[in-house]
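Taking it in order: structure first as structure tokens, then the write-up.
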Amino acid sequence: MTPRIASAAVALLLLAVPLAGTVMDEPWLITLATRVAILGMAGVGLNLVLGYGGMVSLGHAAYFGIGGYVAGVLAHHALEGDPVLLWPVMLGGTDSMIVIWLVAIVSGALLALLIGCLSLRTSGVYFIMITLAFAQMIYYFTISWPAYGGEDGLPIYLRNSLFGLDTMDPMTFFLIVFAVLVVVICLVSMVVRARFGLALNAVRQNETRVRSVGIGGFRVRLVAFVMSGAITALAGALFVDLNRFVSPSMLSWHTSGEIMVFVILGGVARLWGPIAGAALYVFLEQVLGSMTDHWQFWVGLLLIVVVLHARGGIMGFASGQRSDDG
Amino acid sequence: MMPATLVAEQVLNGLQFGVMLFLMSAGLTLVFGVMGLINLAHGSLYMIGAFACAAVVSLTGSFWLGLAASLAAAAAAGALVEMTLMRRLYQRGHLDQVLVTFALILVFSEGTRWIFGAFPLYLDIPPSLAGTVALPGGLDYPLYRLVIIAAGLAVAAGLFQLVSRTRLGMRIRAGESDREMIAAIGVNIRALYTAVFALGAALAGFAGAVIGSITSVEVGMGEPVLILAFVVIVIGGIGSIKGALVGAILVGVTDTMGRLLLPALFGTFLEPADAAATGASLASMLIYLLMALILFFRPGGLFGKVA
Amino acid sequence: MLEVVGLTKSFGAVRANDEVSIDLVTGEIHALIGPNGAGKSTFITQVAGDLAPDSGSIRFRGRDIGHMRAAERARLGMARTFQISSLIGEFTVLENVVLAQLGRLGESMRFFAPVARDQELRNLAQECLARVGLESRHRERVSEISHGERRLLEIAIALALEPAAFLLDEPMAGLDQEGSRMLVGLLDSLRQTAPVLLVEHDMDAVFALADRISVLVDGRLIATGQPDAIRSDDAVRAAYLGMEQP
């Protein structure tokens, strides 16, 4: 299988599961596929920095969570009818998905800009610890800030709206998510094949060389980091719409670890890899979870084996080639 | 105005917290410095120490046996993990190290839940260390916490001696600067690495048992402490024991004092309820802001080489 | 073109560069020679901007560039090669050159058109490869090509920057005789594109190519002059040429 066919297979499989769910009248399958698409999208965001840019961010829960809280808070205020902000500008809540997506993207990008400016000055182990620490900071903030439920989280009672569609219908919502996912992957595909992608790929491999031909490595990495944060925040907003609930657990560092696991299970620097990885993870969670309460124990063991012995991930395995990255 | 004894008590609490953070950070920073390994599962070793202590105490009734068990169990778990897994990771990139040690957390946490169940265990302070001590200035402070501070400082002093004076320490310092060189002069580097890892694990296990007696012993207890230990190391500089000590006490005191002072500070110009909420939220972020500040001016940490 | 005055750099107690002053004028090849550990690479690295000097000034194209980062200096037209080939291993030969063009054109922040299909970039890159004789190897991955080809690719990348000065750090390192002979011909032609600051150990090559030679010993410049003058300079003979037959 060439990488292209492997990608198409993943996309078709992701479409086939909810269709089967509809035919067999098992709507939970549709919800499951939606979950895979959204978690995979968060992974697509991380993949841009981790896979293409070689930056091991262990704090992507921050962007996932901020996207989630944007969706939750805006919807909450729309329902209550009170404004989000009175000062410096009057800002009301909204239940429009489009607006929520845009705000989530901008918030994720700004947060990534802030964290990136500090953390990208370092590399290696420092970078890992710093991205983790900043994500943890926001996690604790959401827990201790009581206005939006604190530790208990914030329910939203209805899915947000889009073009008058019935977003509470599982299949409709899946198709919305799938469409967003395809757009995101197309954009990432375009970016990594553009001039910027060449520079980003080069920065991962040899920053000294990149500097010596007149390209500032910091800027390239920062831009990738910001895009990555924006994508993961968008996924977070969709995740909250799926569950109609947002809580600090989206920001916990386990979430960061899981997003990274999606990328690795799927195969780094492969466009549809995180989707395949998320699908495998959710599949294992369902299958092992039905057999034992302690499924995470087995997932942990499996992950160790995969990292030590099968480094190309699913997409590497399916397309018969190994990823070159260490 | 806040009573001085309250402030003094919180300073001591901060110091005690910092000393425990140092025990966690020292092992981590040694493993970073000597083997170049990032170990997310260090928090699991803390948890293992606490559970081993609780289990032995419930069997024998002796806290001191429990404490010994915590050291032994964590050191054994550390040595085992080092010999079976970590050894394969030294030559790999940080990404693989993060993933394998993240997976190890899943295994350890879920395994512990399997054995001990999901409910927290409670460890009692040993009777000989219960009660309070009257400190000058009229402050009654728990004896146990004072002993923790003293024990932590003693361990710190011991570690400094170990690293700067002994043959093992010399090997550790040589390992930091030149792995191939010390392999060439015939030091058994594999045994050295296992020893360093087990030492770090034992310190973490000790911290887990000691703190478990103040709080509770439960699955996942090590992870918040692990992340704080990361903050400590980023502030102090990777591989520096001195940096870990200064960073740990800075983080411990800043966090404790922030939680005390910030709500009071906001109370001077906000409504009490708002002040409590704002102060608490900001206090929970304070050490991370401190880290950001230090990072901005000294990307390599206070005592580190350039990152 | 390039004027370095009083460059000083210490590592601990060791003065790697002590008040080193070197200039480079249009059309020349200026060789910097000296025994191992004399501080030649330290010097190049500081001029290129990858290492901050303790003191001294660097002027390039009439501007003080001491405060500029390496990437800015490269965009201003300073093209360096590395003593140990420093290339993008997973890229093809052509992509390595294209990357340099992105740097020169300031186009690394373009997110839309696929770079692989840009005919203009490819053609320009092929021209650079043709000048070093690598045009038929453009599809090869860098990890697959030979050591000698990597040395040539380093120079093709420098050419792609359309530089105002070349800083070549031991371009001949590790080449066999035939490779060296070929490279001498290539380096000889470079001076028409831009002046060359050449750090090199191969004395035959240096005396064949250089218009001027500077000699660095223990971090200090002991002589600068025409090849003949350097050959007969007593201090140079004593300190350096005596040890390695020219």
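Each chain gets a letter, A, B and C, in the order it is written, and its residues are counted from 1.
We take it that a contact is a pair of C-beta atoms (placed from the backbone, for glycine too) under 8 Å apart; a residue touches a chain by one contact, two chains touch by 3 or more.
Quantities reported herein were computed from a predicted structural model and do not represent experimental measurements.
Overall, the chain located most centrally, as judged by its C-alpha mean against the mean of all protein C-alpha atoms, is A.
Among the remaining chains, the Cα-based centre furthest from that of subunit C is the centre of B. One inter-chain figure worth recording: subunit B and subunit C are separated by 49 Å, centre to centre, where each centre is the mean of the chain's CA atoms. Rounded to whole angstrom, the centroid-to-centroid distance between subunit A and subunit C, based on C-alpha atoms, equals 44 Å. Separating the CA-averaged centres of subunit A and subunit B is a span of 31 Å. Looking at subunit C, one finds that none of its residues touch two or more other chains. For subunit B in complex with subunit A, the touching residues are 32, 36, 38, 85, 88, 92-96, 98-100, 102-107, 109-111, 113-114, 223, 227, 230-231, 233-234, 238, 277, 280-281, 283-285, 288-289, 291-292, 295-296, 299, 307. Here subunit C touches subunit A in the complex through residues 48-50, 69-72, 74-75, 79-80, 82, 86-91, 95, 98-100, 102-104, 106-116, 157, 160-161, going by the rule given at the top. Taken in their complex, subunit A has these residues touching subunit C: 190-191, 193-199, 201-202, 205-206, 208-217, 219-220, 223, 324.
Those residues of subunit A that touch subunit B in the complex are listed here as 50, 56, 58, 118-119, 121-126, 128-130, 132-134, 136-137, 140-141, 143-147, 253, 257, 260-261, 264, 294-297, 299-301, 303-304, 307-308, 325-326.
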